[in-house]
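What follows is a group of structures, each given as structure tokens.
Two complexes are shown next, each including chain A; its partner changes from chain B in the first to chain C in the second.
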Partner chain A sequence: MVWEIAIKEIKEITRTRQFAVASIVIMILMALAIGLSYNYYQQIQEQHEEARINERVIWEQQDEKNPHSAAHYGTYAFKPKYPLSLIDSGVEKFLGISVFLEAHNRNEADYAAAADQTGLSRFGSISPDFILLFLIPLFIILIGHNVMSKEYERGTFRLVKSQGVNMTYLVLGKWMGIYIPIFLLAGIVFSAFAICLNLVKDFGDVNWLAFGLLAILYLLYYAIFTSLTVVASVNIKNSGLTMVSLLAIWMISCLALPKAATTIIEESHPYPTQQAFSAAIAEDKAKGLNGHTPWSEASKKLEEETLEEHGVTSLEELPFNFDGYRMQKGEEHEAAIFFAHYQELKKIYENQKSGYNTLSIISPYLPVRFLSMSLANTDYESHWHFSDAAEKYRLEMQGILNGDFAEHAAYGDWSYKSDKSLWKKIPEFDYQPPGLTQILASNTQSLISLFAWSLITFLGVFLSARRI
Partner chain B sequence: MLKATNLTKYYGKHLALDALNLEVQAGEIFCLLGANGAGKSTTINLFLDFIKPSDGAAFIGGINVEKEPIKTKKLITYIPENLVLYGNLTGVENLQYFLSLAGKKLKSKSLEMFLEEAGLQSGAFYQRVKSYSKGMRQKVGIALALAKESKVLLLDEPTSGLDPKASNEFSELLIKLSELGVTTLMATHDLFRAKETGDRIGIMKSGQLIENMSTGEVGHTDLEKLYLDRMK
Partner chain C sequence: MPGHSSHSWVFFYQQEESSSMNLYIILTELKQLYRNHWLLMLTSLIFFIFLYAAWNGNTNVEKRKESITSALVEMNQQDELLLERLDSLKEGHELNLRPWQYPDQPTATGNFNPRVAAFYPSNLALISTGQSDLFIHYVKPTLNDDVISLSFAELTSPVRLLFGNFDISFVLIYLLPLIVIAFCYNILSIEKESGLLRLVASNPLNVQLWLFQKTLVRFITVALLIVGALCISLALNKVDFQPGAWKLLLSVILYTSFWFALSFVVNLFGRSSEYNAITLLSLWMFLVLILPSTVSQIASELYPVPSRVMLVNELRKEQAAADKEQDKILDDYLRAHPEMVVSRESDESTAYGWWQRYFASKDLVEQRIEPLMADYDQKLLEQQMLVRKLRYLSPSVILQDVLSELAHTSTDHYLAYKESVFQFTKDWKSFFLPLVFAEKEFSSDMVEKLPQFQLDASSLESRYFTNMWVLFLYPFILIVLCLVGKPFSIKNMF
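Showing the complex of A and B:
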């Protein structure tokens, strides 16, 4: 019986003019968004690939020089663009895409896409995630707001009721009647994504499991909005009022709350300014070992400890070049300072995220937004992950360069030079993004919120049926 | 087939139905006459379990409506004054849907047969119902009763607003159903139609059944006079 009710609802919904118009508009917008996203993705990937290859050539083609000079010369680590960013670009365009790797410094990722855009970009751009997150819920409201209220208004409900139908079956059938067209629409959209992702396979492996989870995530999100729509339609009994109420819910949960949440959270857990952050690092660095200042107190202490450890009385007697050793120790000390300060930033980010998670109790949009970005590797955490990997790579690179200097040059011999063979010994930056298990583990709260929303709203459907 | 025992309904302090005792035999057409607010629709609604009685009980086929509403609804077809169907569905689809709600599945051929039996033109079977006249919609209601094999028809002013031809056709269908053993309880203002169609007539006033007679007992003129006298 539920199925028959659903079929009847589908027929009724799909035969209305508003369904035809709205679905055509959504399909056109989605086609446009996918096309734009696909082109942008291809273009950026090609640029990244070109830059990555060029940068490697530049690194490997350096003339003979002191390894530490090469460390200062530096190179770049490029953040790969992930295939799933085609679906959800997340916060990517506000974050940098490449990190300059040099001695003594942990640099921030640079060249964010937003920095290249004009002020008009403030109005936003059309993207698949915008349609998935904002427009499809609106479409659900449009096609489903009167699913039950029209029965009361037109008078068909008395005839329905007189057939002795179980109200739970009736409401479930109506729920399915709204959800099935949405499910099919999402199916078409995700099939289009799959085709595009297949076409971009040359630029990285698609994590199809993450893609599947992304599809399930959005289907759950639409199930929540379908349930909210049915609950409102059953209880409010007036189509106009139901529409207004659902629009209010949509506006609050998808537009107002996320913006308000950002303001509240940034107020309660502010990041330090770039200036303050750099000053704090510089202050800590000044207190410790610097590979370039052999006369500092910290250098002297290192000298004493090293001599004692090796049982010699002068630096010349050491089995390695102390200058190179000091450089590496200085690097390690600075890395520890960077690590500590970046950990502070991460803590702030964790607090901010926890704030968002708390607010997701009143908005199903927030957990979906966070999970979607995470699965697409376009959230802040993915960026941190890349940034940490770049830093790790920088330290490895410094270790090899300083190690060569320490091993092959005599103490005080700053004229020592290495050649291309050393530059080639530095492995290429091969970054692996966080795995699915890690992504899901870091989004446990969002997952709990999402399941709670799904369960509670679906329970609401059952309870509403009992109230009829 | 239909029985009301001391059936009473209060809306707040207002007494809408005052201890109604009524029995309608199988195959009988019972017409309830009365002014607006006399309690006709309340009686129908109580048999439909749309409202709960304040006292007494309604029975369909010996089953208490209040205690087993789903079971009794399987026995009835209800046709209100203005039978509203789903405009974007065809006549066949509407019939199919309402039958499925009643737990019955029939193939299109059978549905067409019932619609035809109810007097709907075959050209309208697959037209969307939004283009149907009121008379055509009432015929879909009758087709539903036929397809459901309902034992009871509960009609709330079903001929109101129908043209004389459609109204006459509707009456003929009711008589046909009565011959098949279907019991009908019809609330109406149409004295002529009640006399023509009904086996018995009841006149209601202020929630009480003040007359209960066989249509054979009175002529058209006498019925009108009696009705007007009782309404004073």
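Showing the complex of A and C:
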């Protein structure tokens, strides 16, 4: 019975002009979005590869110089782009793409794409995630808002009821009638993504499990909107009013609430300004050990401790160059300061995310948005992961350079120079993104919200059917 | 819901004089609105969202002001300390500083006592966040800074940037049209669906005019509510009612009128409420969501900004080349800047000698990288130009342009700020470098003569009046075409 109702509903929906027009519009927009996204991905990937190779050549081709001068000259780590960013580009355009790795400083990734775009880009862009997150739910509302109300308006509901149709079956059939075309549409869209990711070799290693989870995530999201549409259509009974009410729900959950949430969350867990953040780090650094300030109290203390540890009375007697040693100790001390401040920043973000998760009680968009970005490796956590890996690499690099200086140069001999063999000894930056288990573990709250939304809205469908 | 009719107005249609009939239609529509719970809901909704959005906007503006004020306070404290130290040196005292930190060294003062180059929020900054959440609002350019080292990126959560802000601009551009649509999608259709349109049709009536009057009453009601809510929101946040505020009100009224005109036209086709809702919402989606995104995408596809990653590469190559030939660079530099050459040879063994090589080499890198940097600005400008031309396609894009112009948060404003900072950095260097190359000391009488930052907004052109004309033409053309066109027949509506 449910299946027959669903078939009838599918036929009716797919025969309407609005279904034909809207699905063609969505398909055209999606084709355009995939094309643009693919083009962008390919460009960035080529540029990053070229820049990475160039940067390595520049690093290795440095002339003979003091290892610490080379440490100041530094190198760049370029953030890789991941295949699934083709589907969801997340917050990527608001984050930097390269990190300058130098002595004494942890630099933030610079050159966010958004800073090089016009103000109009803040309206958003025609990207696959925009269509998946915003337009397809609208499409569901469009094709399904009158699924029950039309029966009331045409008077066919009485006929159906007089035939003794089970209302739960009727509503479930209607639900399937809306969901099956959406399921097929999503199937076509995700097949197109898969073909793109599979056929084009430039896309690198695709995490197909993450891809599959992305597809399931969106199917659940659409199931939630389908349930909301059916519940509204059953209860409101007037097609126009159902449409307007559903649109209000869409508008609040997808557009207004996320914007309002940013303000509420920023108020309770404010981010420091760039200047305040830098000033706090500078203040802490000034208090402690710095490789370039041998006169400082901290340096003197280190000097005394080192002499005592090695049982000698002068720095010249040490079996290594104290300048290099102090540089490394200073680097470690500063790294600890950076770590503490960045941890603080991370904590603020975690609190902010927790705030978004709490608000996801009133918006199914929020958990889906966060999960989708995470699975595509385009969320803020992925950026942190990259930034931390770059910092770890920076410290390793400083360790090798300072170690060479400490080991091979005499104390006070700043004219000591290393050659290309040392530059080549520094391994290339090889970054691996977080694994799927780690991604899912950091999004437990979003997963719970999503399942809660799915269950509650589906329960709503049953309850509405029983109330008819 | 709007448009619930009472039988009372049917009586009025039976009046013979059309002018009095018009008045009755308007009065009846007003009565219906006031007796309807919908108006109360609408008023509460409009006031709530405007007050909330204004509060949000103002919170950001206050934070911006506070950060600038504290930077200025710190700068003044540093200046006082600088003067004290310079006086001590003059009196022959020693300072508890390393030699290169002595304030009489121009390189020390040029680097440790920078000015605050601030971008103050405008009177109407709260209405539109625009690009203000992407960029910082003050920088302190030092002697070592240049166009490459100066960063304007603010430390903001990217999630906040992705979601955007709930400011007045969002309320006006996105939500206001939806309020209008919800208020007007069924003005005519509800009469048809409730069967009352047949009664109307029994009167000698011009359907366009009848619907126009009904829409007009609603437009005036909503416009008054919005103007009231906006004025109260601005007043509560202590915004001065300068011309900018009146310009804002005018643009909002015109934008509102466009959506009413659109609802009027869609209603006039006499289709069902559901059909009207779908049509109007599709138009909203197209004009507010899809078109602006498409325009932005077209602009960045046609005029892509060159890769920043490649810029990093170029910069590194130039730096590496400059490092290798620092002595030659200094010679070339002094040849090009004879005014900098001191009577005696620059002493390589002094810190001055090091600084001279450093600045000459930096200057060269900057010069070589300048064409690349100019290419970025050029591409961004070309994007802007295209966006400006295509903005007429959607009233929402026009309003966004108007609001960011009034709030001084547009891309143009931030570009002007950046340019002013770059110019100021050059001025700052021009003040100190002659001292460095002439190996002169910085003295306390120079503190007052230090260059001061001025935001140069002369390159900004106002597009307000063109925007207003187009915003006016949109509803005007829609309404005129419907009113003067072939009268719609009520018969066709059944």
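Just so it is clear, the second predicted complex is superposed on the first by the 464 of 468 C-alpha atoms of A that agree within 3 Å, B and C clash if a C-alpha of one lies under 4 Å from a C-alpha of the other, contacts with A are read in each partner's own complex, and residues count from 1 in each chain.
Here is the rule we go by: a residue touches a chain if its C-beta (ideal position, glycine included) is under 8 Å from a C-beta of that chain, and two chains touch if they have at least 3 such contacts.
Keep in mind that this is a model prediction, so the values were computed, not measured.
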| message | I'd like to know which partner A:259 touches here: chain B for first, chain C for second, both or neither. | response | second
| message | Just to be sure I read the superposition right, which of the two partners does A:296 touch: chain B = first, chain C = second, or both, or neither? | response | neither
| request: Give one of first, second, both or neither to describe whether A:42 is in contact with chain B, with chain C, with both, or with none. | output: neither
| said: Looking at A:98, would you say it contacts chain B, chain C, both, or neither? Reply first, second, both or neither. | reply: second
| query | Of the two partner chains, chain B (first) and chain C (second), which one does A:358 touch, if any: first, second, both, or neither? | reply | neither
| request: Please indicate which partner A:12 is in contact with in the superposed arrangement: first for chain B, second for chain C, both, or neither. | output: first
| task | Using the touch definition from the top, say if A:168 reaches chain B (first), chain C (second), both or neither. | result | neither
| remark: Larger residue footprint on chain A, choosing between chain B and chain C, goes to C
| request: Could you pull out which residues of chain A sit against chain B in one structure and against chain C in the other? | output: none
| said: Which residues of chain B touch chain A once you look at their complex with the stated criterion? | reply: 48, 50, 69-74, 76-78, 80, 82-86, 88-89, 93, 96-98, 100-103, 128, 154
| query | Where on chain A does chain C make contact in their complex? | reply | 18, 29, 36, 43-44, 47-48, 50-51, 54-55, 58, 61-63, 73, 76, 78, 90-91, 94-98, 108, 110-112, 114-126, 130, 134-135, 138, 142, 145-146, 238-241, 243-244, 247-248, 251, 255-256, 258-263, 265-267, 271-277, 295, 345, 349, 352-353, 356, 380, 383
| Which chain A residues qualify as touching chain B in the complex? | 1, 4-5, 8, 11-12, 15-16, 154-156, 158-166, 170
| task | Spell out the part of chain C that touches chain A in their complex, as residue ranges. | result | 1, 52, 56, 59, 63, 67, 71, 98, 130-131, 134-136, 138, 151-166, 170, 174-175, 178, 181-182, 185-186, 189, 272-274, 276-278, 281, 285, 289-290, 292-297, 299-301, 305, 307-313, 316-317, 319-320, 323-324, 376, 380, 383-384, 387, 391, 397, 400, 404, 409-411
